[in-house]
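Listed below are the structures to be examined.
Shared between the two complexes below is subunit A, which has subunit B as its partner in the first and subunit C in the second.
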Partner chain A sequence: MRRSAPVVLAVAYNSFFESVRSRFFTLAAVFAFTAVYASVLAGVMAVDQEARLLADFGLALIELTALAYALFEASSALPREAETKTIYLVFSRPVPRWAYLAGKLGGALLTAAVMLAVMAAIHVSLLLFRGFDVPPAYAWALAGTFLKLAVIVSFAFFVSLFSTSPVSTLVISGIMWTLGHFAAEARFLAERAGGLKGFLLGAALWLVPNLQLFNVRDGAAALPLGLPAFFSAAAWTLSSYLGALWLLSRKEF
Partner chain B sequence: MTAPAVSFSGVEKTYKRPRLLGADYLTAVKDLSFELPAGCVTGLLGLNGAGKTTIMKLLTGLLFPTAGKVRVFGHSPSEGAAKAKVGFLPELPYFPPQVRPGEALAYYGRLSGLSGAALARAAESAMAKTGLEPHAGKRVSEFSKGMLQRLGLAQALLHSPELLVLDEPVSGLDPLAIHDIRGLLAGLNAEGRAIFLSSHSISEVEKLCSRVLIMVKGRLSRSVERAEWEAAHGGLEKIFVEAVK
Partner chain C sequence: MAGRSLLPAAAVLCWGAAAMSASSYRSPFPPPSELRAPLDGANGDMLALAAGARRLFADLWFVRLMQYYGTREVREESAEPGHEGHAHSLDAGGHEHCDHGADYGKGSYPEFLPMARHIIEVDPAFTAGALYGAASLAFNLERPAEAEELLTYGLKYSPKEWRYLTVLAAIGYSKAKDPAAVAATIAPLLKDPDCPVMLKQLAAFLNKRAGNYGAAAAIYSDIAATSKDEAYVANARRELEKLAGAGAGKPR
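Moving on, here comes the complex of A and B:
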């Protein structure tokens, strides 16, 4: 395990720099900057709720932009390496598959974290430039977004190992992300439905992460993330990683 | 007698292609048994679809045999101990266009367990052996096919492997690049490394190898020693044509 740590770091570092150097990252960054700037315009139109709108709209855009980029990267990372045969140069070496997968996931999450940090820096600059305070739970909101990304990116890695194309991975992961935001409502419906229907819906919900746990800004007051959010993110990320590892260890190239 | 670098015994590889209802099965190699002696250059000849690439992938642990046993220096090809002794050059290797050769080699060197000064020395030595030193400052996007092939060889040499597995090492190269690669491989063999290479070019195999395996439709049709094709009228080409017809 200790001898594989440099391999994990090498794969993560390589994955991160490949992402940063690729044109898509530049395009996504330009899009993110534009989108955050657009939130200023929307804020001007909100009259007396300008500060609130500017903060919420900016955070939402940051999340969506980071999600789009991270999902695109996670959906295509492993298929791209197989398609270009780069994977031959990796797995013909003494590289454990768990270490490769951990490195790839680590690289994707590092890219997502950097992207969040860059967009947040721009957003905060815009807030300060407009003369508003940064909301007290701002850092927690970003942390929540990162946890959401960790859950969905690891899920996308898992799906990419059995789906037929990066597009289908993207669609399946996008559906999971959407369902995850309605998990609490679905659970309520399952309880109300009762009987077999309620049981089946309740059972199916065990396969969907409750992403609302990570939404700090949904709270009436600015509450930081609770411990369940961190445990939930860790459990979902680890489960997806183990599922992906199970598939990868059986995969031939 | 020294232990063989590679041994295949009764190996079969069948690919499964899942369908909506059931699956299609394609047997790529069947009942394959041979040994590669350490320190020798062995060639693998065959028409398209004869199973050459499948053999290379089985040997490097990228594919798992459906039946039979593959051993590389006495280990399963999936084991780290086997992989540490093998350098693999796939057909048309890919490197990200924006990287420089030193960066690519540093990455693959780290994956081979090298670090610090040892990694720097290994990358420098691999670049020198493959003649990439004058191009160290260029990006891969500026590389010709021949230079890419050299970089592919350099990454395979990084960890000083005892066995080099080369899938079509001169495919698509111009005559000068082929001449250079041939010289490089001869030099590596002189250092005591075993080389196993597949090719469509009979003349290249004839020049480099001491033994050639001829594959026909997934089966080993013939194993020919250099003395045999040198004595035969028409050389290796005639033996190959007779074997595949």
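Moving on, here comes the complex of A and C:
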């Protein structure tokens, strides 16, 4: 295990720099900058609530941009390596599959974290430039966004190993992200429905990660993020990782 | 090989543990059955829930409310420089009189309550939005019952919100035709960053009418210094000039 740690780091490092060098990363960064700056216009329309709107708009855009990029990367990373035969080269060396997958996931999460940090720096600069204070729970909101990304990116890695194309992985992961925010409303509907329908809906809810648990940005999560939130995020991420590892171990490379 | 076969079981166990730890989560938001989207807002609400962006969509509803309320129901304007944005009345002799838009904000605005209520249905923590809505309903549109309904709904999700209780008390005094008590009741609210500028304007007006020129000048100065609403800022400056002319510019 200890001997594999450098391998995990090497794969993660390689995966991270590959992401940063890609044109899509630059495009995402430019889009984020433009979108966050454009939120100034919306802020002006809110008159005395400009600070609140600017903060909310920026945080939502940061999350959506990071999500789009991280999902794109996660859904295409493994199929791309299989298609270009790079994965054969990697596994011809003494690289355990678990280390390879951990490195890939680590690289994707590191990229997401760097994207969040860069966009947050732009956003905070904009808020300060406009003469507003940074919202008190700002760092927790970013932490919550990162936990959401960790859960959904690891899920995308899992799906990418059995789906037919990166697009279908993107769609399935996107649906999971949406359902994750609906968890509280779905539970309400299950309680209302009662009977067999309610039971089935309630059971189906166990399959969906509750992303509202991390949604500090929206004031839905407890402040500061508690142990259950970190534990849940870690368990969902580990679960998807183990599922992906099982699928990867069954493939002939 | 044995380890490989254990992987799915371990994954399921982890997933179960995560779901179990999240099962105690209770949403702080109103249930979907309470979301009554006015106009064509249902799509936006769907997006707000799907993206976990209730705060942002509550902000957008607030902007829509201000645009709705900012649109004059009957558009009458004076062409005279310095008097744009409000109408001048004519007396029996045909002479034009200016009251600097004392009727500003008046009208029926039938969608005001549903739109204001929807802001806090989407995000019950948006206190400033609820205060703006309630104050406009009670003191501008003269519909205190609707303002009370809005604040009562707000209190359902924020039962310890003192600002709602303060405005409710002010509405009570307003119905009892006691303007001095209204001004005294809303005074603690004026220093709060979430206090709508419209309430500050009301407090300043009531203080001026009660002869508390110093207090009125202090509130107008605050509006001129902190508000981003140009109409209120221009009015505050005008009032400050008048008060300074009357020798009452300094707070007592």
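Everything that follows uses one rule, which is that the second predicted complex is superposed on the first by the 249 of 253 C-alpha atoms of A that agree within 3 Å, B and C clash if a C-alpha of one lies under 4 Å from a C-alpha of the other, contacts with A are read in each partner's own complex, and residues count from 1 in each chain.
The criterion applied here is as follows: contacts are C-beta pairs under 8 Å (C-beta built on N, C-alpha and C of every residue); 3 or more make two chains touch, one makes a residue touch a chain.
Predicted model, so just to flag it, every value in this text is computed and none were measured.
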Which superposed partner A:45 touches (first subunit B, second subunit C, both, neither): second
Subunit B versus subunit C as contact partner of A:125, first or second or both or neither: neither
Which of subunit B and subunit C A:182 touches, first, second, both or neither: second
When both partners are placed on the shared chain, which of subunit B and subunit C touches more of subunit A: C
Touched partner set for A:243, first subunit B, second subunit C, both or neither: second
Which of subunit B and subunit C A:26 touches, first, second, both or neither: neither
Partner chain(s) touched by A:85 [first = subunit B, second = subunit C, both, neither]: first
Touching partner for A:95 - first (subunit B), second (subunit C), both, neither: first
Interfacial residue positions of subunit A with respect to subunit C in the complex: 42, 45-50, 52-53, 56-57, 60, 64, 178, 181-185, 188-189, 192, 205-207, 209-213, 215, 217-220, 228, 231-233, 235-236, 238-240, 242-243, 245-246, 249-250
Residues of subunit C defined as touching subunit A within the complex: 4, 7-8, 10-19, 21-22, 24-29, 31-33, 49-56, 59-60, 62-63, 66-67, 123, 125, 128-129, 196-197, 227-229
Residues of subunit A defined as touching subunit B within the complex: 3, 6-7, 10-11, 14, 18, 21, 84-86, 88-96, 252-253
Residues on subunit B engaged by subunit A in the complex (per definition of touch): 57, 60-64, 80-81, 83-84, 86, 88, 90, 92-96, 98, 107-108, 110-113, 115, 155, 159, 165
